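Order as written gives the chain letters A, B, C and D; numbering starts at 1 within each chain.
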Amino acid sequence: MSLTQEQLSEIEAARSTPRPTLRAVSEGMEAHLYRAHPVLDHGFIRVVDYMGDDAAIVQAARVSYGAGTKHVSNDEGLIRYLMRHWHSTPFEMCEVKLHVKLPVFVARQWIRHRTANVNEYSARYSILDREFYIPAPEQLAAQSTVNNQGRGEVLTGAEAARVLEMLKSDANRSYDHYEAMLSQEGQQGLARELARMNLPANIYTQWYWKVDLHNLFHFLRLRADAHAQYEIRVYAEAIAACVKDWVPLAFAAFEDYRMGGVTLSGKAIAVLKRRLAGEVVAQEDSGMSKGEWREFEGVWG
Amino acid sequence: MSLTQEQLSEIEAARSTPRPTLRAVSEGMEAHLYRAHPVLDHGFIRVVDYMGDDAAIVQAARVSYGAGTKHVSNDEGLIRYLMRHWHSTPFEMCEVKLHVKLPVFVARQWIRHRTANVNEYSARYSILDREFYIPAPEQLAAQSTVNNQGRGEVLTGAEAARVLEMLKSDANRSYDHYEAMLSQEGQQGLARELARMNLPANIYTQWYWKVDLHNLFHFLRLRADAHAQYEIRVYAEAIAACVKDWVPLAFAAFEDYRMGGVTLSGKAIAVLKRRLAGEVVAQEDSGMSKGEWREFEGVWG
Amino acid sequence: MSLTQEQLSEIEAARSTPRPTLRAVSEGMEAHLYRAHPVLDHGFIRVVDYMGDDAAIVQAARVSYGAGTKHVSNDEGLIRYLMRHWHSTPFEMCEVKLHVKLPVFVARQWIRHRTANVNEYSARYSILDREFYIPAPEQLAAQSTVNNQGRGEVLTGAEAARVLEMLKSDANRSYDHYEAMLSQEGQQGLARELARMNLPANIYTQWYWKVDLHNLFHFLRLRADAHAQYEIRVYAEAIAACVKDWVPLAFAAFEDYRMGGVTLSGKAIAVLKRRLAGEVVAQEDSGMSKGEWREFEGVWG
Amino acid sequence: MSLTQEQLSEIEAARSTPRPTLRAVSEGMEAHLYRAHPVLDHGFIRVVDYMGDDAAIVQAARVSYGAGTKHVSNDEGLIRYLMRHWHSTPFEMCEVKLHVKLPVFVARQWIRHRTANVNEYSARYSILDREFYIPAPEQLAAQSTVNNQGRGEVLTGAEAARVLEMLKSDANRSYDHYEAMLSQEGQQGLARELARMNLPANIYTQWYWKVDLHNLFHFLRLRADAHAQYEIRVYAEAIAACVKDWVPLAFAAFEDYRMGGVTLSGKAIAVLKRRLAGEVVAQEDSGMSKGEWREFEGVWG
């Protein structure tokens, strides 16, 4: 991470001046506010603002259920009930705003989550910094031989060295030329909106990203998952750590029902019931394809 | 408005315990928090939470513009620029959550604004109160003879009395029968999800409604407009009064460019230019239909 | 259902004139076009237009996967893979437009699905017909004693008769007064936008509703479910029957993974694994609440 | 544009087999189906599917207006009325699906329009082609001296030659290294999801993009505008040409009210009225900032 001394001072200044509010306050989230949590070699996530807490979820649900929720006697039980039964609107009542610095190829994947508000640094208007993501040696993985969109073993030796050398030298040369094209010394200088096209996808950009808790959980389920690309997963994990401190009850329910849960098809249910009845079921006899069966065995053995 | 003494006490309790926060605080909005602003005969709007202020709009826009915004030297100028050029994302960085009590026929119109989060009191789960909107005498208007979806003169005398009598007696009879169908005394009692179908559209419901400032401005432009039905317009006006205290710079820009602005078609621009050049232009000669011309003259004479 | 002879003639006319197109055509859906499928006592759903078919889902997914999808060798396998792994965007590539006639209280529930396009008949602009939903005797159920938002036994005898009488007479009286207030004979006539407030929630309205297949599946999962209120479930089932003919492969995957599937929490997985290992697990020992355990046993015994 | 002979044959095959349908057909759009309209040096847009036509807009609006639309006697008048009064839902009833090939830096701007469905070619799963956008000499513009996010004069001579040389050589070197890192000859080969980070933003990607007509008009208003970057504007213009043939009445209204229209603030209205009354108004006396005044004079002189 590369915050300047000036930026760090601004953050400390913002943190030094609490003000009174009548709104719901999450002590756990206040501790995170403005602080940059480093991600990858130059990136970070910072919580810039938030709205609501666990109680706000319950409060909204109780409007939608009126005075009738006698059976679910406490907040935790109600939150778990809502999560289990896919109620989305009470979780939408919490909102968080993040400042994120991230490589462009990560941003391209991230932005596919459409139900969020985004303000990105404009390379049409401003000049990007010379900061590129270069994978750490232990992340320099070969193409997976079993998964078309995954990684296999870590590269080593000369191959790893060659890759790192290419990534670094190409990034620097592209940036040198970016600066050379923009320069107005002794020449007119190319328009910024054109010069940016020379920059590779591992350059860092930054944005403000605002999302409600329901949609954030959806993001985390897909991006903090083991199948997500490492470079976006570490962002999801850093965010998840903040969410856990912000809305601990909702996060615990999310972990149990979403991150730690599985969805079974009708066919998978039938196989499990046969197994529970003592039967040994083979793939050919399951109605599942080989791929489904492999995934099924991954969970159930 | 009909808040119970208990509800009023809860509101005062919530207002009596400020807590420190490091987040952006809007003093203007803090003064509104939790307080019920009466609307119609039994309705209200209450601000339950908010995120951001005028500075948050500028902050988000400055990320998207980076360090380059030297020319627009102050917040007000930048906010006006953003509004004038239809930039929506910086305004999306502010969020507000309202508790609203409103007649069902107003709720049906309101819900058509889809980019918001809603938790409504469930008449499937709970029993609705005996509260109906009965128009004040000065709102009891005849069908407009020029506008298919508008009002004309106020009804008076026997006709007005007949209408009020029908609205009141039908509301009460429907509610009596609602209670009679639900009752479990000496009978099983009809399911709530069925009994509710007997209730007319002027019964009050309530919901939590959360929306970002950009989409709220869109709502206000359509619903605080003179062409909106009176019964939703008064809600929009009550909300607008809070927004003005929350983000005064953004609201002033909204008033100038949206509420007080007009959109001219290419044909209308051409007519105005001819007028500015001294020409007298008639409808037949304007390229506009009679309806368009009438609306054009409504603004320009 | 109450289509006039004129409306039926219009439908037959629309069906009698096929025209050539170069677009994807679903024979199964062509057979449904424009025809009204009756739902409840006066309602219907009609497919008015559609875009795409099973092949369109595959085609869109193959762009997102490029030339690499060698392992999933056929359309059915790919569609099942996409459904299993929660890929939503390929299913968004199909779209359907329906004309629906439905009671207002059903419409109020339906509209909560925000990711769809809607044009509703306006009672501000036009006069509603005298058509009300009156439950069939076998749907006149008591409030459930175990589920706060469900139905129990069917009412019978005098209680059922009283309920039906109240629903019918209140509907008719409300409509009589609606007409009386609107009438311009010997009086001015109340504005339509006001008179409509006297009508109960079982009056029929109608709308055009357009939605993509991914969001339609989400709607069907929630509304064709056994826990959905009967009066919306029958609409979902009528739509599902059309979808099955439109995109048979996608619908079969939806049935297996969504309608026929279950989601297990981390705790439920642990219990099942202990059971598979021969252990007998009790609720107290499961980490689940009583409510969760009851639902768990509902599936697994 | 660089379609292979095989791709061209596929397109011609798809165009050679019309099938009967009962749906609304737009002859103008049928002529475009599947054909690639070239954009920039290697890009294109192709209409892959569509739903609805001008009549579908009217049909949906008439449901929302019922039988009352006697005053607007024809389709064109109604469509113009809907556009003038910002009615969005009837235009949402038409839908179009496009296959687009475009540089990554254009895709990054395009994707900010969130209300659309997208399936993009995955460089995590597949290997991108060696195709880069290199601006034509007349597009090689200097940074604007008056507009922070615009272009000024066209570069010439040695500076232009240097820029082109840098763009071309960097693109080719990056791609050579991309291939070298991926290669499995004599080495393991880097994972595709990592190797892609070396590619610059002018490489071409492709996607399926599906959007409704209302949101497409919004996209066209912003991106076919003179202030949009040239490289996205040419895509918007190519799409607009297809839309004009698809829904000619709606497109004509869009051109008059949106593309050819202007929005006036309350302050601008006041100035125009004073001018119409013969007064000469100066900026200092207008209530507008210098920037607003410059824009105002750009339209009104």
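Quick note on the criterion: a residue touches a chain if its C-beta (ideal position, glycine included) is under 8 Å from a C-beta of that chain, and two chains touch if they have at least 3 such contacts.
Just so you know, these numbers come straight off a predicted model, no measurement behind them.
Asker: Which pair wins on C-beta contacts, B-D or C-D?
Answerer: Greater number of contacting C-beta pairs: C-D.
Asker: I need the rotation angle between the copies chain A and chain B from a CA superposition, between 0 and 180°, in steps of 5.
Answerer: For the C-alpha superposition of chain A onto chain B, the angle is 180 degrees.
Asker: In terms of residue numbering, is the interface formed by chain B and chain C classified as same (over half shared) or different (under half shared)?
Answerer: Result for this pair: same.
Asker: Need the CA-centroid distance for the pair chain C / chain D, whole Å please.
Answerer: 35
Asker: Using the average of all C-alpha atoms in each chain as its centre, how far is it in Å between chain B and chain C?
Answerer: 29
Asker: Can you give the whole-Å distance between the Cα centres of chain B and chain D?
Answerer: Going by mean C-alpha positions, chain B sits 33 Å from chain D.
Asker: For chain B, which residues are shared contacts with two or more other chains?
Answerer: Correct list: 65, 68, 89, 112, 118, 122, 125, 148.
Asker: Between the chains shown, work out who touches whom and classify the graph as line, ring, star, complete or other.
Answerer: Contact map by chain: complete.
Asker: Which positions of chain B touch chain A when the two form their complex?
Answerer: Within the complex, chain B touches chain A at residues 14-15, 17-25, 30, 33-34, 48-52, 56, 59-61, 63-68, 89-90, 92-93, 95, 97, 99, 117-122, 125-127, 206-208, 210, 212.
Asker: Flag every residue of chain B that touches chain D in the complex, lowest number first.
Answerer: For this pair, the touching residues of chain B are 65, 68-69, 71-72, 77, 80-81, 84, 86, 89, 112, 148, 222, 255-257, 259-269, 272-273, 275-276, 289, 291-292, 295, 299-300.
Asker: Per the contact definition, I'd like the list of chain A residues that touch chain D in the complex.
Answerer: 103-105, 108, 111-112, 114-115, 118, 122, 124-125, 133, 135, 139-144, 148-153, 155, 159, 162-163, 166-167, 170-171, 173-174, 177, 180-182, 184, 187-194, 196-202, 229
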